[in-house]
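Taking it in order: structure first as structure tokens, then the write-up.
Chain lettering (A, B and C) follows the sequence in which the chains are written, and residue indices restart at 1 in each chain.
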Amino acid sequence: MRAPTSLLPLRLVDVSFDAGTKRIVDRVSLVLEAGPRTMILGPNGAGKSVLMRLCHGLLRPTAGHIEWATPERSGERRRQAMVFQRPVMLRRSALANVEYALKVAGVPWDEREPRARNALESVGLSDLANRGARVLSGGEQQRLALARAWALRPEVLFLDEPTASLDPGASAEVERTIETIHAAGTKIVMITHNLGQARRLGDEILFLNEGRLVERAPADRFFNRPASAETEAFLKGELPWT
Amino acid sequence: MGVILDALRNAFGLIVTLDPDMLAIVWLSLQVSLSAVALGTLLGLPLGAAIAVGRFPGRRASIVVLNALMGLPPVVVGLIVYLLLSRAGPLGELGLLFTPTAMVIAQTILIMPIIAALGRQAVEDAWREYREQLRSLGVSRLAAALTLIWDIRFSLLTAVLAGLGRACAEVGAVMIVGGNIAGVTRVMTTTIALETSKGDLPLALSLGIVLVTIVLILNAGAYSVKEVAQRRYG
Amino acid sequence: MDVKRRFILAAAALAVAMPLAAQEKFITVASTTSTEQSGLFKYLLPIFEKQTGIQVRVVAVGTGQALDMGRRGDADVVFVHDPAAEKKFVDEGQGINYKQVMYNDFVIIGPKSDPAKVAGGKDVLEALKKIEAAKAPFVSRADRSGTHAAELRYWKSAGIDIEANKGPWYKETGSGMGPALNTASSMGAYILADRGTWLSFKNRGDLAILVEGDQKLFNQYGIMLVNPAKHPKTKVDLGNAFINWVVSPAGQKAIADYKVGGEQLFFPNYKGG
């Protein structure tokens, strides 16, 4: 989806992030283009979550700069969305949670309910529309979070380990939903620990270690012909875990 | 012990016979205190929420000050409001001295910091949980404050009840700005003070028991509302 | 819409909260706690209100405070019992239409055990001299009330410089008549009280009237209008209506008719003109 004033490509130039004296993200430079589903991999503490939050605008870099093709202005509706590892829902019905996000985005009041219901249907939660969002199961809440993000028609969707706390059945449903969102034209950027998932869903892989961007390659090449020793070690270490 | 048992019996008698004088006093007490709670909540919750989610110089100092204001002595508040509303004072034109309105004003000033300070704490705890998600959605700080207030409204009930307790219990402020005028500004606490100073301790004690019973009922009602809501919304 | 709903609820609450008390005809009278607690107003005011339709709102504080209320213009009429302070008030130009309307009397209350041996006496000054000599516990209101002013006058007339001679036996509570009586009752002390408050006081403990009837113990009440020249907001017509009624035959009779336990408390003594 290349609108005339698209957000993408997103440029990171020498971006670093420090927490106190600890350097968490170390001089990362990259360009995110529209199209390929980008997976971010790396061991614990590699700085993946922080990097994603920097891109999404929740954190500001200590050094370097981050530029969208069309800069975001405060007060305008956001064209990127994020789904967190643990979904955070308001104490309202599932439907109301999606409507809330639409309201914040400035969607006119008479469009909110139909769009929200649509979003719920596409993730298979229509039956639970009036249930309190916080009493839903983990998998249902995560699907609700996806519905909420998708109802906003974002250009970019960031996901931080969306299936980490879900059982395989719920995971599969969430993966299906992500595929659907991608098919509709949204750029997917996702952190995952699950190599199998990365292989299934990813078109390209960003590999982070100790805050540095170590390798970037199309998924095929990354898994079969890793370019660096670090990557090899990582893949070997994680291999039993699919 | 005997005095207390007698007082309990008399209190029961007062309630059962629905003594009209006492009913008028109870009704005025409820009007004044509940109005003060409504106003105090309307002003205090947004203030507390704003401090909770806001980022501005002096934020930590304002939290300390707000917490300290919870301990405002009622007599001092009463005195200040009296001087403001006195005909010789800056707001004398309003003719509010010795009216229930003046009592509502004084009590609102007294309990607003309580509701604001306790509300701030509750909202700040919730903000920690919701912060990233709300910012991700593009919610402004102001809108976030209001959303949080509404979302944790049943937890905020505790803050409101704390304010209600203080309002119902205080006598210093309403005595000074109200004047304890029979039939006009006489409430339960000032009546108890009056009967005590007249030496009619049994009557004072009975009225005290009636007052505590009413506050208990209000609290029980609020608690059950909270229970029902929590079961529905989680 | 949630915010709107809340605003409506709050507005409704406020509407309930602001009773339109200002609509009726009323005056504010600053008077003393002892007068209020004697029950006189509860008896007297309904009679006046029935006759004239004017509601009288009494704020009962100490005499000193009541006169100060007049000086601030927070009352329309002042009704207290301290002729010296009242004269000063009028001389300051703060009060007009000043009339002396009734008296009640003070009594010396004390423990039945009577350590200073004053019981049955007819002279208040003698009694005070004995109390001071015995250093028997004595409670003073010490609150600029009419009663307190009277107490100080008696010490002076008895030739005792109470400021210099007070010791631990002399307890200054800074409170109204009722609380002071409570204190005296709990520590078995002597105290100067007005008969009215004593008659309706229920926490007597071991106390009783020990000295009464001395002419010097008569306590004169005065009433006056707060001067509209200094305080334009004073309700002149309504205030004067009250004052004129209190000194009228009907008002004076009502005062005399008020009894507690069969006993008359206040003695009307308005002398025309």
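The rule is simple: a residue touches a chain if its C-beta (ideal position, glycine included) is under 8 Å from a C-beta of that chain, and two chains touch if they have at least 3 such contacts.
Please read all numbers here as calculations on a predicted model, not as lab measurements.
**Q** Going by C-alpha centres, which chain is most central here?
**A** B
**Q** Counting contact pairs per chain pair, which pair wins?
**A** Result: the chain pair B-C has the most contacts.
**Q** Among the chains, which one keeps its Cα centre farthest from the Cα centre of subunit B?
**A** In terms of C-alpha centroids, the chain at the greatest distance from subunit B is A.
**Q** Using CA atom averages as chain centres, what separation in Å is found between subunit A and subunit C?
**A** Taking the mean C-alpha position of each chain, the two centres sit 78 Å apart.
**Q** Averaged over CA atoms, how far is the centre of subunit A from the centre of subunit B? Could you give it in whole Å?
**A** 46
**Q** Centre to centre, by mean C-alpha position, how many angstrom separate subunit B and subunit C?
**A** 33
**Q** Residues of subunit C touching subunit B in their complex?
**A** Checking each residue of subunit C against subunit B gives 2-3, 6, 9-10, 13-14, 16-19, 21-22, 28, 33, 37, 41-42, 57-60, 71-74, 175-179, 181-182, 185, 197, 200-204, 231, 233.
**Q** For the complex, which residues does subunit A have touching subunit B?
**A** Touch list, subunit A to subunit B: 53, 56, 58, 75, 77-78, 81-82, 84, 88, 90-92, 100-101, 104-105, 132-135.
**Q** What residues on subunit B touch subunit A, complex-wise?
**A** 129-130, 132-133, 135-140, 143, 147, 151-152, 232-234
**Q** Under the touch definition given earlier, write down the residues of subunit B that touch subunit C in their complex.
**A** Spelled out, the residues of subunit B in touch with subunit C are 31-32, 34-35, 38-39, 41-42, 86-89, 92, 95, 97-101, 104, 146, 150, 179-182, 184, 194, 196-202.
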